[in-house]
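To keep things simple, chains are lettered A, B, C, D and E as they appear, and every chain counts its residues starting from 1.
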Amino acid sequence: MSRVDEILSWYDSDAPGVQRNLRWILESGKLAGTGKLVLLPVDQGFEHGPTSSFGPNPAAYDPHYHFRLAIDAGCSAYAAPLGSLQAGAREFAGQIPTILKLNSSDSLFSGDDPKPAVTGSVSEALRLGCAAVGFTIYPGSAARNEMYAELREIAEQARAVGLAVVGWSYPQGSALSSAGETALDIVAYAAQIAAQLGAHIIKVKPPSAHIERADALAVFEEQSVPIDTLEDRVRHVVQSAFNGRRIVIFSGGATKSSEEVLSEITSLAAGGAFGSILGRNTFQRPRDEAIALLDAVMQTYRRAA
Amino acid sequence: MSRVDEILSWYDSDAPGVQRNLRWILESGKLAGTGKLVLLPVDQGFEHGPTSSFGPNPAAYDPHYHFRLAIDAGCSAYAAPLGSLQAGAREFAGQIPTILKLNSSDSLFSGDDPKPAVTGSVSEALRLGCAAVGFTIYPGSAARNEMYAELREIAEQARAVGLAVVGWSYPQGSALSSAGETALDIVAYAAQIAAQLGAHIIKVKPPSAHIERADALAVFEEQSVPIDTLEDRVRHVVQSAFNGRRIVIFSGGATKSSEEVLSEITSLAAGGAFGSILGRNTFQRPRDEAIALLDAVMQTYRRAA
Amino acid sequence: MSRVDEILSWYDSDAPGVQRNLRWILESGKLAGTGKLVLLPVDQGFEHGPTSSFGPNPAAYDPHYHFRLAIDAGCSAYAAPLGSLQAGAREFAGQIPTILKLNSSDSLFSGDDPKPAVTGSVSEALRLGCAAVGFTIYPGSAARNEMYAELREIAEQARAVGLAVVGWSYPQGSALSSAGETALDIVAYAAQIAAQLGAHIIKVKPPSAHIERADALAVFEEQSVPIDTLEDRVRHVVQSAFNGRRIVIFSGGATKSSEEVLSEITSLAAGGAFGSILGRNTFQRPRDEAIALLDAVMQTYRRAA
Amino acid sequence: MSRVDEILSWYDSDAPGVQRNLRWILESGKLAGTGKLVLLPVDQGFEHGPTSSFGPNPAAYDPHYHFRLAIDAGCSAYAAPLGSLQAGAREFAGQIPTILKLNSSDSLFSGDDPKPAVTGSVSEALRLGCAAVGFTIYPGSAARNEMYAELREIAEQARAVGLAVVGWSYPQGSALSSAGETALDIVAYAAQIAAQLGAHIIKVKPPSAHIERADALAVFEEQSVPIDTLEDRVRHVVQSAFNGRRIVIFSGGATKSSEEVLSEITSLAAGGAFGSILGRNTFQRPRDEAIALLDAVMQTYRRAA
Amino acid sequence: MSRVDEILSWYDSDAPGVQRNLRWILESGKLAGTGKLVLLPVDQGFEHGPTSSFGPNPAAYDPHYHFRLAIDAGCSAYAAPLGSLQAGAREFAGQIPTILKLNSSDSLFSGDDPKPAVTGSVSEALRLGCAAVGFTIYPGSAARNEMYAELREIAEQARAVGLAVVGWSYPQGSALSSAGETALDIVAYAAQIAAQLGAHIIKVKPPSAHIERADALAVFEEQSVPIDTLEDRVRHVVQSAFNGRRIVIFSGGATKSSEEVLSEITSLAAGGAFGSILGRNTFQRPRDEAIALLDAVMQTYRRAA
């Protein structure tokens, strides 16, 4: 059994249409067939504003730029909100799997307990020929339950029409300290919640060595769970998503040097990450640099496959 | 390829019905075929009250006055809430493209976080023979997410029946300073949000030189983005709406002298604005003056086409 | 063209069924054919309680009393909530146009920001043979947007089945001073809002000489709009409802002497009011007195027609 | 009142959206504003087969050819079944009013009592940006009642969303002699039936001098109705469609010489026909000839306007 | 523009989802990217019975056999009824584009006027992860209109969710002679009908030199259309499907020798066929022979691309 078939076997309660679309993602781009994946997400125009997102590389103001970048770099899929996807859906129809983000937050209003607006629908994803829908939840927010319920319902709708579901699970809210947002135990918990809500692919942030909750700390110590290195911690997060039976990928976060990106990816890959989702670290670089960096990232994952 | 065909090609993920209606707008009035447009919006009776809106030119109390003004001045379309449109929809059926505003705020209640009432529907727009529906969002308001979700759903309904969608995107709310409402970075962000939610035509206010957010300021400085003149700033706003792949038009704001209006329009046109939407600056003037001013505005845009 | 035909021509975007029902009202009772109308509304049992509403004239506890009164007095229509209408709908079917009030407030709970309960439906109005539905909005209330959206949706439903819509537009809520509730500019604004939401007949309170908003005051002064007499002020309110293209009628308010009522009616009629809607001032009087007063009111309007 | 406004006034029980679309047709092409119209219909590929329809002018195999021909010749609208319209709907969106034929017959099966298949829908017409839907009925067929019921339902759906309805009314079936299919009384009857079923525009064949039914013959004789010339007969058909209150247009039939076409058109125009719908006589000719012939036809109608 | 992009441009009135699925087919298998396609259809178990269909090669009783054959031979897609597809949909999910046949005829009942049973749905196609739905019509059957209406409705549903539509158009019925079923004019007509009903891909039988209808014969003679060779005739059929703007493929028919198959394919390819759909000629052969034959067929098409 190929690695892709093995991964798809974890989703065997879902309809074949879901597996067709998961396979599309797993068989696209330079990592096709490896069971690893690297996604290009471009929701930063909505999340952080166009100026700070695209200003560093003005070609990126154009939605076609990102489709082209994702295709040329050999990404496994391209994820974006409705407007961006729609601006290139016909031109690039079927050239790369697309993921329609169904909710988004903007930065013009912020509170302690974030909740994104619903900005897309499953029927739009079908119309636009997407492979999957994406949805963000903020465990730790006072508004978490509404988000969980929304994700669950969207996941049910998506599965019924054969679309895969990608869950962005980012702990944040009044219940968490700032360090807690990336604490190992919390990131692991966030991955578990997304898995429970029906996400097929789960996106989390790389976990720090901070432990937010005493009960988790006690277990790590009692069981002598290694958590010192990022590789160790990634292993725990992947384990927390159904013992590796769900595809868990890691976000790249704010812009940093290529060395930093690759160093982190090396640890993620070593820890068993299924891949990465890199936005600002790619499209805010000049195109050639971005493609070179993505190629190095993909080679790293390929070696770990 | 004509300029109108080029503009329509940006909306190629939409059904032909949407393009028929966008073409109707782009091929109507004195700017027909130029790719520029000037709209007459009359929602001020609802937004600011009849007395202060129509008192300065009492003929404007009559809804027919505005249809006639828009037609005689050669506007590209006329936008109004349900009642106003309905009052002339039969008399002027098909004589000018109409845009049904689907939400409106009145001024009898105000809070820090505005949210308009839903006051129309897509099916009413079909019944009344409209070319498009309009919807206002207030980025920066605590109620933004409800507005975003409403606009998204309306846009999906409208596209399904071939209507175009015009988004009024006016940053306002407890998260923004008063200066921030027209700050360049915020107006650019507002244009991006409307584009992401599926608006085909985006209406924003002319941006001031104020920069509200530190991250945007840093980008402007690092990238040496010119922002000193209105022309510069308009260019950034248009760029922020999918690098010019969306029609972005600018509101005229409160009544001012004809010289001030034309001076502003000259800058807007030079910066690449697709057009203007002028309400109080037209219907609060005597009819002859209004038509003369609109003609001068249109000539300005025509020269820039 | 008769006056009734002229009035109906203002509603020419509506289906013929709506015009049938408007004509029924305009051709009923003693004012038939004049373009003026006097309605009997009896929603006070719900709004103020039975004891204070009907105690002064115990015959009025009986719903049939009001049907009979409206018919015998030659009223243009009779308006009431579901229960009252239903109690006489068969007995008096087709004898007088009826208006089903679709929302009502009771006085057992009150807050700064009133919102009525929805207490009827368009389908009930059809079942009961009504000519129209009625709906109350409170501009100035924090709950205004929900009411506006409800009225809009009800108006769409009503138009689709050929029923006319009567909007009770009573400014009230935490955003308004007590004097502001009947301020000229506010009443004019309330009439405009109801017109925009699709009401065919608009009911407001007689406006006082108070001006609530500075922007309106400035316009009155700049334009030298006469506002000293009730007649002047009524003229402005009618103008504010699409320059007289909507039927605007005025409520009678709390019980007062016949002289006071007639004096007020004389001013309303002189100012161009389309009619009155008189509840407590009629049914709280002995029947003969009520009929005499209504006759005098109708004669006043007839003279102004 | 312009002639177009006069014509639209006949449809004043319909919603403004219907009138918008009727106006679009009446204000398009070389006959814009005259109240006359010439349509290009291309359903012969379905009705008679591609070989015999397009073989005489092979360029006509291409659906774009017909869009271009209709536009370049200045036709008022272009009518075709779903596939043909869809093949050019985006390319030519909004450049000419289109009419989606919602039913079609093929010639591979024929019986005494024809009934077309339903091959389109009102929602497709909206999606494709059409001005109208078209529907064929065969009065005289044993299957007439199903067709009448289908047309009625489609007309109701179309009106609700603001689309106009074009009725092809072609008497045919076991109840009629071959001569009866174009008999004056039968064509007049067919026009009446289409009008009764809600068609806004009615297409019939030019009537012959044959009279099929004795009762009609008796009336023509008793009332001395002139029926000798085609002009006389057309006058009777137009009269039979609500005394001229419905737009009645005449088909061109099988290919004939330009002289024959123009001679017939001259009679049609003299008799008060609102226009013609010419298919095989245009697209089976070389393009230049077709445009020249259509121009002569339009000039004939223009002179009669 | 690549050949695939050129082909997709013919379907530009459809949503991007349709184009994604058409591209999937056009980019799969050994003919990926050539604009040519070879499909494996296995509906013979239903159409002709298992014994006569699968008996010659008993391995073919197993539905997995056909998935595997289609994949290993490098077919562009695999088409089958619900049961067959469902039997392998998970195992082979996403490995090859699948087409769900939505109607099928069995051979246990036959009449002069065939009509297949509806045996699948668009929602099943989504659930199973299909690229397209397939539907058979029998022009010439007394039941044709029901089939046309069914195909039309299925095509509307499919387009709305981004699925492509494959039309099997097989003239058959009491209105046609046996020779007429494959007569050139009739096959061309059948292709036209499928195109008009909204099929994206049209499957017909190779046309014989017989001409069924006098009107077509007259045109062939008058226009000197070459029809002597299969290549000539295929050219006419492709022309009849919107002048080549629709993908037309040809069935292989009953089992014959490899030489006969390849000879026919050579003519089809020379005449501009977009490809073939070969069932009995492949799965009734031993697997190795079938793969070798399919390879030769694909090479033939590749040389013609």
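Criterion: a contact is a pair of C-beta atoms (placed from the backbone, for glycine too) under 8 Å apart; a residue touches a chain by one contact, two chains touch by 3 or more.
Every value quoted in this text rests on a predicted model; they were computed, and no experiment measured them.
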Item to check | chain C to chain D, fewest steps along touching chains | outcome: 1
Checklist entry - How short can a chain-to-chain path be from chain A to chain D, counted in steps between touching chains? => result 2
Item to check | Separation of chain C from chain E, taking each centre as the mean of its C-alpha atoms, in whole Å | outcome: 67
Checklist entry - Once you find the CA centre of chain B and the CA centre of chain C, what distance in Å lies between them? => result 35
Checklist outcome for this item: Averaging C-alpha coordinates per chain, one finds the centres of chain A and chain C separated by a number of Å equal to 58
Next on the checklist: As a quick test, compute the distance in whole Å between the mean CA positions of chain A and chain E.
Outcome noted: 40
Checklist entry - Where does chain C touch two or more other chains at once, residue-wise? => result 12-13
Checklist entry - Considering only which chains touch which, how would you classify the arrangement: line, ring, star, complete or other? => result other
Item to check | Pairwise chain contacts under the document criterion | outcome: A-B, A-E, B-C, B-D, B-E, C-D, D-E
Item to check | Contact footprint of chain B on chain C as seen in their complex | outcome: 10, 12-14, 139-142, 144-146, 148-149, 152-153, 156, 171, 173-176, 185-186, 188-193, 195-199, 213, 215-216, 218-220, 222-223, 225, 236, 239-240, 242-243, 245
Checklist outcome for this item: Within the complex, chain D is touched by chain C residues 12-13, 15-16
Next on the checklist: Show me the residue ranges of chain D that touch chain E in the complex, using the header's touch definition.
Outcome noted: 45-46, 48-52, 54-56, 58, 61-63, 65, 81-84, 86-91, 104, 106-111, 115-121, 123-124, 128
Item to check | Interface residues, chain A side, partner chain E - complex | outcome: 8, 12, 15-24, 27, 89-90, 93-95, 123, 126-130, 160-162
